[in-house]
Amino acid sequence: MKVSALAESVGARVLGNGTVEVSGISSIRSASAGDLVFVEDERNLRLALESAASAAIAGSFAMKKTYSKPLLISKHPRLTFALAAKLLRSKSTRQSGIHSSAVVHSSARLAKSVTVEARVVIGEDVEIGAGSLLGAGCVIGQGVRLGGDCVLYPNVTIYPGTRLGDRVIVHAGAVLGSDGFGYVRDDATGSYEKFPQIGKLEIEDDVEIGANSTIDRGALDTTRIGRGTKIDNLVHIGHNCQIGEDVVIAAQTGLSGSITIENDVVLGGQVGIGEHARIEEGVMLGGQGGVLPNKVLRGKGVAFWGTPARPVREYLKQLGVLERLAKKK
Amino acid sequence: MKVSALAESVGARVLGNGTVEVSGISSIRSASAGDLVFVEDERNLRLALESAASAAIAGSFAMKKTYSKPLLISKHPRLTFALAAKLLRSKSTRQSGIHSSAVVHSSARLAKSVTVEARVVIGEDVEIGAGSLLGAGCVIGQGVRLGGDCVLYPNVTIYPGTRLGDRVIVHAGAVLGSDGFGYVRDDATGSYEKFPQIGKLEIEDDVEIGANSTIDRGALDTTRIGRGTKIDNLVHIGHNCQIGEDVVIAAQTGLSGSITIENDVVLGGQVGIGEHARIEEGVMLGGQGGVLPNKVLRGKGVAFWGTPARPVREYLKQLGVLERLAKKK
Amino acid sequence: MKVSALAESVGARVLGNGTVEVSGISSIRSASAGDLVFVEDERNLRLALESAASAAIAGSFAMKKTYSKPLLISKHPRLTFALAAKLLRSKSTRQSGIHSSAVVHSSARLAKSVTVEARVVIGEDVEIGAGSLLGAGCVIGQGVRLGGDCVLYPNVTIYPGTRLGDRVIVHAGAVLGSDGFGYVRDDATGSYEKFPQIGKLEIEDDVEIGANSTIDRGALDTTRIGRGTKIDNLVHIGHNCQIGEDVVIAAQTGLSGSITIENDVVLGGQVGIGEHARIEEGVMLGGQGGVLPNKVLRGKGVAFWGTPARPVREYLKQLGVLERLAKKK
């Protein structure tokens, strides 16, 4: 692909020879001829020019002069690089179709361009939209609805009745729609009776879910993951949680039941949140932070940290006080 | 099912027309005709009466008058609802039998009413009790014993020699009987030699294990999970742990090796416990709490929190002191 | 195997009758005739002599007299026991070969002595070295390279292009080479664009990886796990991490992106480390400890604890000060 054509597609400005061809992306360190790289400062620009890369995306700081290689100038080089990568990544040559070892229920409705790899099991009354790919060993329960252009990596399990929108990516080993953790203690016997877990799980468009993460169905109602939300590996989301749009949840974070996470929240890794808590729009919660049941965290762009979570400035002050006191002793 | 018959089965008292029929359960919010709901206060009773539900389970507070719908009066509405749900949930219409794509070793002994879904692999000398269901993609190692009426959701792995009692539920992706994490450092070379992990894992009746949880076999002896214990998603239990009966372990909690958890303990989410610690009967440990190796926590109904775990009142007092000190500065 | 022959193989000295035969290993508690046990003190030596075990490995403390059973005297009884166990464990009688239900791409190159269990899926251009075992349900992506004598337990997923050295052990459900968690926010729309995750994952010789752990491929470059490193269950390692040799990582620990862990580091369970941090050679970090992004921890044999991680002595002092202050109030 010519640099000029690529620049046009991603909304960047060409500096230098737009007829140079690029065919892939790379880091500066491992670039070879034909690769496109990106830089955000002068130092890396220098390294990019010395590398084998054929072209680079750079911020407007680079506009002053011309260089030995064509540049694509963009306000946000990293974003432009991500968009360019999407265009350049060799369209997977996979052929759609259903592998002979897959077990597909006769009542399942698969769009024509769906790819079903080896050993996939698809249950009764499942519906799968055009362009979706089911990796080897996935198990899709009865009545599941999958939108178009979804990618399920191998060995994913989806419990019956779960619904996924379009362009949802689910990494290997993730479990969607499992029973919530709800019991009622029988005081007469001391043992726990299972509370019914018959609700649903709905995952909206453009969500990505990391490897071996688990998201429980609602107990009686619905667990919901909003459009564009990104969930890392080994995350747990309990029954009845309502997760907003464009939320980011880093690895190993756990949400117990009936939690509300509003739009644009960012949760660090290993965060833990108690049932019925509400994290309001745009809050940021640092790694390993903990929120008590029923608590509300509020404030766009406000960062919280610690257990129980406090505004990060308060928390740092407290840590400082403690450190000074201990040094005096 | 008639309300009067259901009430009799679950030990509730009918208030109103016992001939009304119910066929399912639901939350108040999503109830439709034929549904049974439950309420624990006046406000929800009002909502239930306004809903499309056909009947409601209610506490004795509701006994004073009669209503537009039949009520089932119970001291513990939530428990009664759980029991009613068990009765009402449509007996799954699945037929027992072994799917043609399953790979079952000729020496395995399966009771007649066992269900084996697609792509299950069952090893040598495995024994499976009546009424058990093995979900698609499960792998059952050599010599495993599974009791009756167990449910294994898809893609569960059980290592050789593991034993499960009756009515054990294992959610998708869980791994039972994996090697413990034990090594001996060779000081001469600095590298780690694997300590043998040849013990067993025994799981007693009525245990439930969450999605993608992992429970290791003993190193030389046995890891044991006691009757009625409930384990959430992504929990880790290390080798040689002895878990009592009716223990509750919330998501992402981790127990390292040789820990004793006595009966009726409740562990919150993301709790971490060091090797050889003992958590005595009836202790409650709050989310993200940490217990040092060899420590003992004691006291029925006593709540602990923090790392290292302290009685929760002490911990809250310490947090309060720190907060006040920081504010003064 | 005769005690004398075994002693010679593991470099121990025989005390007593070297012609006694042992055929297995055991704990003292569950020993039966033919078993070898190990003891590190007088009390356990007494118990071993009273047990049904046929012989025991003991420290040099036991050299003073002779006993009713032959002893193997070693400076490091636990290590000697581990080595003896390796020799004694019945060479698995499995026959190498490819199960008829496995799906192996015609371009894959498998050494003759490889064992492929039921329902394994092996992609295009995969290479597997001699003596390796792939457990039932494993999915091996295109272009993966596996060394010799590797053991993959069931239902492991390996993403395309990942490379494993020799004698690597991967427990059930682990996911190797999944996409890293990287996005670029598009400020115009507020939504997240996926940053390319096209790097590699390389795992060196003698690494062991626990059940349901996840290790991400590099974004543009390579994630690397060094020789001899041992990783417990449910651990998360993010993209671009560089893990040294003989590192020990306990269960549920999480490393975000681009972290360096140098040789001989020991990380306790549930540790969390922020991106670009560096943990230098020989550092020990206690369970649930947290390290901020870009931080460096330094000091061979120095123990850190808490969040943010401090030298353990400092941290304990701080905890003590706080406790005393709260008691005064």
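Each chain carries a letter (A, B and C) given by its place in the written order, and its residues are counted from 1.
Throughout what follows, contacts are C-beta pairs under 8 Å (C-beta built on N, C-alpha and C of every residue); 3 or more make two chains touch, one makes a residue touch a chain.
Given the structure is predicted, the values throughout are model-derived calculations rather than measurements.
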Same or different residue numbers at the chain A/chain B copy interface, by half rule: different
Cα superposition angle of chain A on its copy chain C, in degrees to the nearest 5: 120
Where chain A and chain B are represented by their mean Cα positions, the distance between them in whole Å: 28
Multi-partner residues of chain A (each touching 2 or more other chains): 101, 119, 137, 155, 173, 212, 234, 252, 270, 288, 322, 325
Of chain B, residues touching chain A in the complex: 25-27, 29-30, 76, 78-79, 81-83, 85-86, 89, 99, 101, 117-119, 135-137, 153-155, 171-173, 206, 208, 210-212, 228, 230, 232-234, 246, 248, 250-252, 264, 269-270, 287-288, 319, 322-323, 325-326, 329
Touching residues (chain side chain B, partner chain C) in the complex: 101, 103, 119, 121, 137, 139, 141, 155, 157, 159, 173, 175, 178-179, 181, 183-187, 190-196, 198-199, 212, 214, 216, 219-221, 234, 236, 238, 252, 254, 256, 270, 272, 274, 288, 290, 307-308, 314, 317-318, 320-322, 325
